[in-house]
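Okay, so here's the structure we're looking at.
Chain lettering (A, B, C and D) follows the sequence in which the chains are written, and residue indices restart at 1 in each chain.
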């Protein structure tokens, strides 16, 4: 619908559902969060047979209630937004749909009921909701650091996958089906399990040569785990330092002094005329009022 | 009991039991530490059937001795402190109670005897006691670094848990009960086992798709372990640098020069003509007025 | 063949096959990359029995096509390069040969067919090809950091291997064949599995003493994983800082100001009276001559 | 034997055996290193039954040769050193003895033959020998960094062990013998396996509560692995920076300029009179000859 027909109540609704600056918006987010978590707990309990047998009806009914709530929310989201299609085709739009649809479909095809579990994906909304909370302050650094080292981490993961492919193929040739390395994809799965130091042990080399190669893979994996860590921690350190810098400047401008971690002007002269202090080391005149600064030295 | 009735002998007792500045206090802490460790070793040995059968009486008797000692300590702590209730309801108060009670209860309900093991929690006192030792110097940085990155690590763990929930649900749908993913909670347990690169292997994916998703989880887990490490090491580096800085400034103010971490000109000559100081190390003439700088060296 | 006979068409061919500056060269690299990946996917699918049975003919034919393509490439590489022997004996030369030969040999000895999988090694070319892509920018730091800490990481891995040997021998003596520690090499394999925190569990200590030593190994491995990480991240931080510095200097010289990583006064006012610049951000008067500084803002 | 009787040939011998500055000393070290590695390879091969059965005589004879060589070395070490007792009682002295004795004892008690494997401990000599090699340069930083964070890492490992004890006890109470948590020591072994993210899977929780607690332990272990890494990498960064600083100052004093990583004087003026450059940013006169520096700005 065009801008014209976009009515006031829609704007209000949008503010509540998508925004979080108004009390109503905040409330909506919190309630939504609780309902999402409740719905996931429900799905979990339902998946535990013993519990499901005991409380099947209760679980089923509350499931329906939540499904209806989600459906209403879904509809409200569609009618309140300016470009409904954009929302419907967006990642969150699809997730929201997937978290309601299966329940309805399960009326016709009971088999599909398990798909209700897909609403666990709604948990991702938690991030968007918590963005509003004080955690942002905590995670923004993190985000920038990770973003900054994204490309590097990509290269790294890329190398890991290639290594896994090559090692997997070699192990397939060396160990063969006898030891559970049935085919190359499975061997690659194994070498990822090994490179990442997870080591399930569902598949393990038995031939001496295989164990030797496995040892190499493990030591390699043990060694290269240092790489992403090094990257992130270096990037993060850089970010932190930059921030210190910015903070320092801010403080400087605000509190009218430039005492920072990196401060190099350490003299303690203060102007007799305007009491401004923290002058440059070689200042002869007050940077504030131009009054002469007698050297205390 | 009110401040009025709080008598002198209580103060003394308190000083010995809770303090560690007096020789008596130190001694008490050390003895306590030894008794705690002894009691835990006892519980361990007792839990080993073969040993328990051989030395049951000895173990039982020494258990009683320690229980009595702990009981006395517990009572002394109560009567020596000003606000007994505060201690009793405190974490350490409850732990201390839990480390004595089970033994007495086991007289009536033998089944509960195993709970004696709960006194392992008393080990936590070790931290409070060692706080007094030279390790503080070692762990204070650590503490501050961890505290500084607490919020960030929380966000991180939070993300890990959400990822585990989503992956767990997906794996439950993909693998199902056939491969041991009996229900969603168990699948979540599995994805935590995998994300953290622990990989017990008690449950492992068997379907190709499941193994593919598992590979993604592992690589993800392998990659994100870099995040907390990066955080802590960056925070820690910052702490260390700040310290260096403070030390430097102190030196600077004391020695009347601007030697900072970044300072490279460290000589203390000052021009007789214009009092300008902070000359280059090799300066022979004032960079300000061109006056000759007599070498103080 | 000597430089004399080296003809023009060869130069062209060489430019296309080995170079990547010309459109043709780029195209060749991209096509090659796709064919390599396709060939590996083929080998993977072939190794999965169920798939192989269904599409055996299709897989076999496409295998032959790729093998022929690789053979042609191999020949072209030989005739286009100035020193064919140097290429043939080079690592990539051998890999390229290994990726074609097995298929032909399998005509005579069908058993050797599996060796076709060796062409997975061709994946390594990906690195050379991607060198041309934007990832270089991302991985160059990485490369230098790793190179810088190469020697250190070598020492580290060396220590890990020695530790593994000693622990392996001890575990062999402690656990013996009963628990699967059949011989020393296998025990060493186990201790590498443990030190690197992979922990397959295909072999695990059962005697209390063995489990105690295993605990020591694990804690050691858990502790020392910090070492390579520390190295890389420190080296990497250093690299990053150096870069910042260089960038800063460049900027400084270029933009005629001394904005450095540590610079806090960033304004670019310069005094009309004495041309002194680098004033404090809030300066209203020249710190050098006291002349009024008109605000450029 | 006192200093008096300490004869010249002993000094020579000592120089060869313990020293490495003379060609003879270097040669001795290298030969020793080879023999040690050979002896360990022998022990390994011997431990592999199939190989032992084939080449038993050859292995046995070469074992005897090496044992005799080691015995001679041991005797030479004793007679060449000034304080024989000090060597005999030293760690290396005991190791050297343990690497020869078992073979002789096995003549009387064949059972003890396996103890020959103890000579793997001789590998530790490799460190002392390689100290002489170029690796020192690589590992000295490492050493200092680790030493600097020794206390901190100790505190950390200490915390890990306490955590393992408490979690182990709790898991023993929760899971009990049914799931393989037979006794507390074994549970502690399990929680170390889990905390260190090794995860053999030889023991794994089966009860929901147990799996929940296990999840907590894993996430904790996953989180705290950041701590030692953070420490080492921070300490290491500090070491590196200090070095840069020292190097910079050295360079400054030596090469008569102060261009360092931390350089803040970035102007490019050079004195017309004496061509000295790299003046302070605000220099008006050459710090070398006092000649006036015209401002290029």
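Here, a residue touches a chain if its C-beta (ideal position, glycine included) is under 8 Å from a C-beta of that chain, and two chains touch if they have at least 3 such contacts.
Every value quoted in this text rests on a predicted model; they were computed, and no experiment measured them.
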{"item": "Fewest touching-chain hops separating chain A from chain D", "value": "1"}
{"item": "Shared interface numbering between chain C and chain B [over half = same, under half = different]", "value": "same"}
{"item": "Relative to chain B, chain with the most remote C-alpha centre", "value": "C"}
{"item": "Centre distance in Å when chain A and chain B are each reduced to the mean of their C-alpha atoms", "value": "26"}
{"item": "Chain centre separation in whole Å, for chain C relative to chain B (CA means)", "value": "37"}
{"item": "Touching two or more other chains - residues of chain A", "value": "156, 185, 188, 197-201, 225, 229-231, 233-235, 237, 262-264, 282"}
{"item": "Residue ranges of chain C in contact with chain D within the complex", "value": "151-152, 154-156, 158-159, 162, 165-166, 168-170, 172-173, 182-185, 188, 194, 197-201, 204, 208, 211-212, 214-215, 218-219, 221-223, 225-227, 229-231, 233-235, 237-238, 241-242, 245, 249, 252-253, 256, 258, 260, 262-263, 270, 275-278, 288"}
{"item": "Residue numbers on chain A that touch chain D, as the complex places them", "value": "197-201, 229-230, 233, 237, 264, 282"}
{"item": "Residues of chain C that touch chain A when the two form their complex", "value": "40, 43-44, 47-49, 114-115, 117-118, 120-121, 123-124, 126-127, 130, 134-135, 137-139, 141-142, 145-146, 153, 156-157, 160-161, 185-186, 188-189, 192-193, 195-202, 225, 228-229, 231-237, 239-240, 244, 261-262, 264-266, 279-292"}
